[in-house]
Amino acid sequence: MTTVINVLQALILVLGAPLVSGIVSKIKAWIQRRQGASIWRPYIEIAKLFRKEDLVPPSASWVFRFAPKVLFGTTICAVAFVPVVHPSALLASRGDFFFLVYVLALGRFFLSLGALDGGSAFGGMGASREALVSTLAEAPFLLGLVAISILAAHADIAGMVMWTLQRNVFDISAVHILAFTSLAMVVLAETGRMPVDNPTTHLELTMIHEGMVLEYSGPSLALVEWASAVKLHALLALLISLFGPWGMASTVSVWGTGAALLLYLAKVTVLMILLALVESVVAKLRMYLVPDFLGVAAAVSALAVIFTTLVKG
Amino acid sequence: MQVVSIQVAFGFLLASLGLLAPLVLIASRTKRARAFAITLIVGSNVVGWFVAALCFWGESKLALTFSGFTPFPFALGLDRLSAFFLLLICTVAVPVAIFAVSYFDKHYGEQRRNWIWAFFSLFLLSMITVVTASTGFAFLVGWELMTLLSAGLILMEGDSAERRHNVFIYLLMMHAGAAAVVASFFLFLPYSHSLDFAGIRAASPVVPAGIRVLIFLLAFVGFGTKAGIIPLHLWLPRAHPIAPSPASALMSGVMLKTAVYGFVRFAFDFLGGGPSWFGYVVLVAGAVSGLLGVLYAIAEHDLKRLLAYHSVENIGIIYLGLGTSLVFLANHAPVLAALALIAALLHTLNHALFKSLLFLGAGAISNATHTVDLEELGGLQRRMPVTGTAFLIACCSIVGLPLFNGFISEWLTFRSFLAGSVLLNTKAQIVLPLMVGVLALIGGLAAACFVKVFGVAFLGRPRSSEAEHAVEAPLLMRGGMTMLAAACLLIGILPGVLLRPLASLTQVLIPGAGVPDETVSIARIIPWIAAIILGVTAITALTTRVQRMAPTWGCGLSQLTSRMQYTSTAFSKPIRFVFSSVYKPDRKLDKLPTDKPYFPVSISYRSVRTTSYEKALYRPFVDLIVSAAHQLRRLQTGNIQVYLLYIFLTLVALLTFLRFQR
Amino acid sequence: MILLLPLIFALLGTVLVLGFRDRRVATRAALAIGALEIASLSALVWQVHRQGPQQLGRYLRADGLSSFFLMNIAFIFGLVLVYASGYLRHIPEGRFSSPRWFYALVFLFLFTMVSVCLSANLGLLWIMMEGTTLASALLVGFYNTEGAVEAGWKYLIVCTVGIAFALFGTIVLYLAAVQAGMNPAAALDWVSLMDAVPRMGFDPHLVKLAFVFVIVGYGTKIGFVPMHSWLPDAHAEAPTPISALLSAVLLNCAMYAVMRYEVIVSHATGPAFPHTLLLIFGLLSMVVAGLLILVQRNLKRLLAYSSVEHMGIIAIGLGLGGPLGLFGALLHTFNHSVAKSLLFFSAGNVRHNFGTLRMDSISGMSRTLPQTSAALVVGSLAIVGLPPFGLFISEFAILSEAFGQARFLVVGLFLVMLSVVFGGFAFHLLRLLGGEPAGVPSSPKLIPSEYAVMGIAAFCLLVFGARIPHLFGVFLQEAIAVMR
Amino acid sequence: MGLVAIATGKFLSSFSVFLFLTVLLMVVARRISTSVLLFSLQSAIITAEVFAMGVREKLAAAYVVGALVLLIKVIAIPYAFFRLVDRLKSPRDVKASTTPTQSVFIAGAMIYLSYAAVHSFGQTVHVPEDALAAAVALILTGSFLMVSRKKALMQMLGLLVLENGIFLAALITTFGMPLVIEIGIFFDILVGLLLMGIFTFRIRDTFDHLDVSKLRRLRG
């Protein structure tokens, strides 16, 4: 039964992902007093791209062709670690958060290689910048999770969620706040959002992620776009389940799960609004200010880790 | 029965590497003789592998003594630890030797080739002696020979002023380190009355604390010099790149590990841990070496130097594990200590595999393009697919990505850091979990670096005509590399094979250590992850439609040239900028002609690192000694009257000494 | 009788060889008599081994210690003689510098050294030690060049002065013995001294005084810093075979004399005092010579300083005492002789191939003189004490003793200096062997005689690195037995 | 204790004063020939002491030794020196690196030192103190001459003085060593001087001067 729910969660995360990015851009449009495209547009785009043909540069090797697929595969695998409506996931009780982070890293590694394989200047540029960002993002990402896992005395995500679930909202500690801050910043960087990267730009000076995928077209591009959408959704879900899991269905029952699902939608909407707000009010940072941004995140997360010793007493 | 056969097999290994192969090679220059010798080397290593496997996975032990023959007790033996490292050596040696067959054939003339093979075999023997020695004498003999023979291999490769200088630095630092090792052995002597390991082990409880500290520090410095921890790494990026690629593979892949072996022997087996600051010293050394090593690596574009710096980084990761283990040991957490030690040992093996594979790849590249300068390479993946794929696997492994062996050991290290939070000691509670961040940063930088390496060398368009016309490496080279790549994947996906025996190995070294759960859990989950990733990738790969060739978008230009690609230097620029305080780079931009800055004919840019350990640490010391020597030289004035005066003054001094002694 | 044979042959050689004007005949005669000499020496050694100490009259005696050094002399002398037979072809004819004079003086030199080891009386020991100086002075000045004459003069004066102090030391010991009530006639005889010292109370202060003078005197001959000043000059300017003899045999003989005194003195005053002095001189020599090795420009001077350093090591071994210390010290005398003669032989080849020993004007040897370079490398690896060569064993033994006694200052300096010396040799060697060949060698290949001696020396070093031959070990133990 | 003994005792102690005198003169002497004369005088005194010793201790051997000293040190060696000096045809002044006044003071200091030293040994060695002091003084001044004189010949002379001192010391403390040894020692000295003579010629021929302080090609 739990397995069913776990599969369901995975499906929600994967299939709902384009919707999330659609809604985010819609909200952004509203904030900018625009009509904005339909929230279903990402689905349509992905579908269209899947129908288009796939162009490959002559210089490219199999790495170029496989990079999007590996990226997609790893993202799906990462999804299997994230609980949504029930404090468990396909792999969440077997493996810990290190797997989550490094599985994502594997995908990113291949995507960067694919970018370099294109043989154009943009690919290299994007890959190089991505390398910088992800390098600096990794430490705060892990440290933030470490802080929570120390409190929870569990390394596996299910255990961490369970622990938070057993507390009530009011005895969340400074550690949680610090960790949440750093992780939120990291999520912005990881998913190529403002102020680190601008998902909608194609301006040479600013683009990171877009620069990498510039050579991709057709189904490959579809996979890349979908994967990044899934990544965003999964990370949001992770934030929710780590810092606000209350309302998850602790017992396995249709009604409980349904309620949890609704509650989840509410939470994710809140996060999406927050994200949209941030993206609309914050200006994109200059490339060489990104390290400072992530440095702050790292410092905050380190602080969170140090505070654990006080909180545990 | 089995014991005897093992002894015979091991004896065969020693004899064929130490006597038969070299003698055959030196005695006769015929092709058949060389073929025979090479088969002997490979075959004996295979035999050695099985011996090691029996002692590592099985329960069998081995002891072989020549003490009756030699002036000081000289005995070899295989307990689990030695067996593990013997396993490591043989596992790497076989593919490297196979690779070397065609590499040496291409690069050296008849006579020199035989000599190189002789040295190669003796070098292997010396390393085997080190890891299997069971007396101090045997260990030190092997230790010194290892340095000499590797230096010999380097000198075989060629001869230039710079090369000689590097070899000189290598030899000198190795000898100084060896002196420290000698001292750390001998310091046991007053208490153990003999240098065989059993005696030392028995005596170590009665060694007073002060001496223990001295022993530990000397061992740390001595083996640290060999392992190349910063700031004792000076020789490493000089010596490894200039050796013949198979030799570099052995030096970086195996020789450094003998230092790890020695340190583990001392810190865990002989001393049985110590105060927790031991652990922190090692931990800091590991963190510094890891971070700086990888940062220096990123700035390089000479492939072999880059790889050498990555050896420094990985040694750093290993030392992180060892340090953590020592901290746990000092805090009476044997199981966690075992976990960290397993992580360190496993990473030792993993690094041996992928680093030698990377060096072999570099050898294949230089063999195909006659350069290892990244800026001259590019687009090799299409031209040498097997080499490229093997190299890619090695890259993923060294970066520590899941499904590859590097990840297993790094994950174990992460978990041992995380476990630091359960200790009751606040310092450890804070320091160890924070180390997660350090290791994460190291990993991230390594990832960036190897995206650069593989992307620039193998992907995109060729940057030079050599790269343009590169052809795939010959069969034997590919064979050697494929074997290593397979090993990386095997350990990456089925780590349980090694983790179980490693756990029982650590139980010997760390009394009261059970089997850490992590070693079990990772073995259970990795296949799942592999299944999901590979499954999904395969499905998408099968479902997506066929692809069409179309030229890369040229930003409106008529066509792209390879000069428009990102170079290695350009790729690493952002990271170098962020960490510029580490490099303090001295940049130089020359535009020609100088009078028309806006219409340059040629622009040359170069940026060199100005931070240097030589200037900061070694120079002053060396200068001191040399100037002292010059002062003394002045005392030898050449004037006989002064000489006579010396004699009389000595006499007077001694007489007064006598007078007051009375 | 067996005691007289080596002496007789040596003198015979001196006289006979002078008779032959033709250099080829002279060479043959020298080789023949040399063979006889070596045979008689080995016979003597064997006899001592079989029947214990040999005594002839009051003045000649051979026991384990002397026979150990005699064995050393015989071996090295054989090598040197064979090497010289090939080497002399490079020596221009001169008034006194003709092969016959060379061989005559060599035999005289040998005579004095053998009789140093054979003399049962400390006075005679002194006379013969002075004799070695006199016999070798002309050999040092053999080439009669500016350098040779200067070196010869310094050698003569400095050593004579030093030896004079040794004489005074001998006298003081004699005085002590006589005062203790020994019969003046026998008061310098080794046997009666050894028998008397424990029984009669020698005035410890006089004995110490004696030892101070002796160690300064004979120390001058050993080349202890700061009395070593003559050594590099003499070694560098003498013909190469003589340099080998000086460094590989003469220094050991002087060391032998000091050992004899050390035994007596430690019996009379307790080992602390002589051991301290030996340690001081040993460490001083090791440090100073080791540092000076770094800044040498002349190959043979480099080797000379390394001799000083190794004498220091031997002295440290003696100064530590103890089974391993003595074992190491004695073994080291032999190993060092072999390695050093090998090195000097290759230096000789370098000299007559490039006409110079200045290391900055030689390069690329590994290509132009492959065999000689190989010998040089082997010798250097051995001399810096690396396995698998003999000196590693002896230094290992000395180190074990030092650590066993927890002498941390000693071992600290010892290890540091070993590294410094290693650095020096590595530096110079890499420059000599590598680089573009400078100059064309006149005879790039080794002639058979050189091939033979170098081969033997290298092989011997290798063997002693792996194991100590049983018989040799026995001799060693007999020598140690005399020392304790 | 017989009359002879007393007489010889006085004889010895008084003669040692003459020895000091020779020493002092020797360090101020300007010309080689003078120093050689002083040396032979010194040796003569020592000869006398040997004979005195022989009388006192009734040692037959002592007479032989005395005769040897007379023969070699008083006659043969000085004669050889004079021959050498005019054979070498080199300027005859001793080239000192210290002024006469300094030399005198140093020599005086050395004599005082030797007395002090002998005092400290006095109780262990039952011998006429001033004679022993004279011996030590000879040794010290001999060394001083060798260090401070630049002429090869003077260095030889200094060595001889030093040797004289040692000989005297041996004589006084132990009434001489066994005869064979003594003879051997004499032989060594003779041969040594012979060699040094040869070398002085060689030095003269190769450098055309006898200033050993200029022999500084080999250094470092």
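In order of appearance the chains are A, B, C and D, and numbering begins at 1 in each one.
Heads up, the rule we're going with is that contacts are C-beta pairs under 8 Å (C-beta built on N, C-alpha and C of every residue); 3 or more make two chains touch, one makes a residue touch a chain.
Quick caveat, the model's predicted, so the values are computed rather than measured.
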Any chain touching chain C and chain D at once appears in the list B
Moving step by step through touching chains, the smallest count that connects chain A to chain D is 2
Of all chain pairs, the one with the highest number of C-beta contacts is A-B
Greatest centre-to-centre gap (Cα means) from chain A is with chain D
Note: chain D sits from chain B at a C-alpha centroid distance in Å of 70
Taking each chain's mean CA coordinate, chain A and chain C are separated, in whole Å, by 80
Per the C-alpha means, the centres of chain A and chain B lie apart by a whole-Å value of 36
In whole angstrom, the CA-centroid distance of chain B from chain C equals 44
Residue numbers in chain D touching two or more further chains are 143, 146, 155, 212, 215, 217-218, 220
Shared-interface residues of chain C (touching two or more other chains) are 153-154, 157, 161, 205, 232, 292, 295
Among line, ring, star, complete and other, the chain touch graph is other
Pairs of chains in contact here are A-B, B-C, B-D, C-D
Note: in the complex, chain C contacts chain B through residues 153-154, 157-158, 161-162, 165, 205, 208-209, 212-213, 215-216, 220, 226-227, 229-230, 232, 273, 277, 288, 291-292, 294-295, 366, 381, 386-388, 392-393, 396-397, 399-400, 403-406, 411, 415-416, 418-420, 422-423, 426-427, 430-431, 434-435, 466-468
The answer for chain D against chain B in the complex is residues 97, 117, 120, 143, 146-148, 150, 155, 212-213, 215-220
Touching chain D in the complex, chain C uses residues 59, 121, 123-124, 126-127, 130-131, 133-134, 137-138, 141, 144-147, 149-154, 156-157, 160-161, 164, 167-168, 171-172, 174-175, 178-179, 184-185, 188, 203, 205-206, 232-233, 236-237, 292, 295-297, 301
Seen from chain B, its contact residues with chain D in the complex are 633-634, 636-641, 644-645, 648, 655, 659
The answer for chain B against chain A in the complex is residues 379, 381-382, 385, 388, 392, 396, 399-403, 407, 411, 414-415, 418, 421-422, 426, 429-430, 433-434, 436-438, 440-441, 443-445, 447-448, 451-452, 454-456, 458-461, 521, 524-525, 528-529, 532-537, 540-541, 544-555, 560, 562, 564-566, 570-575, 577-578
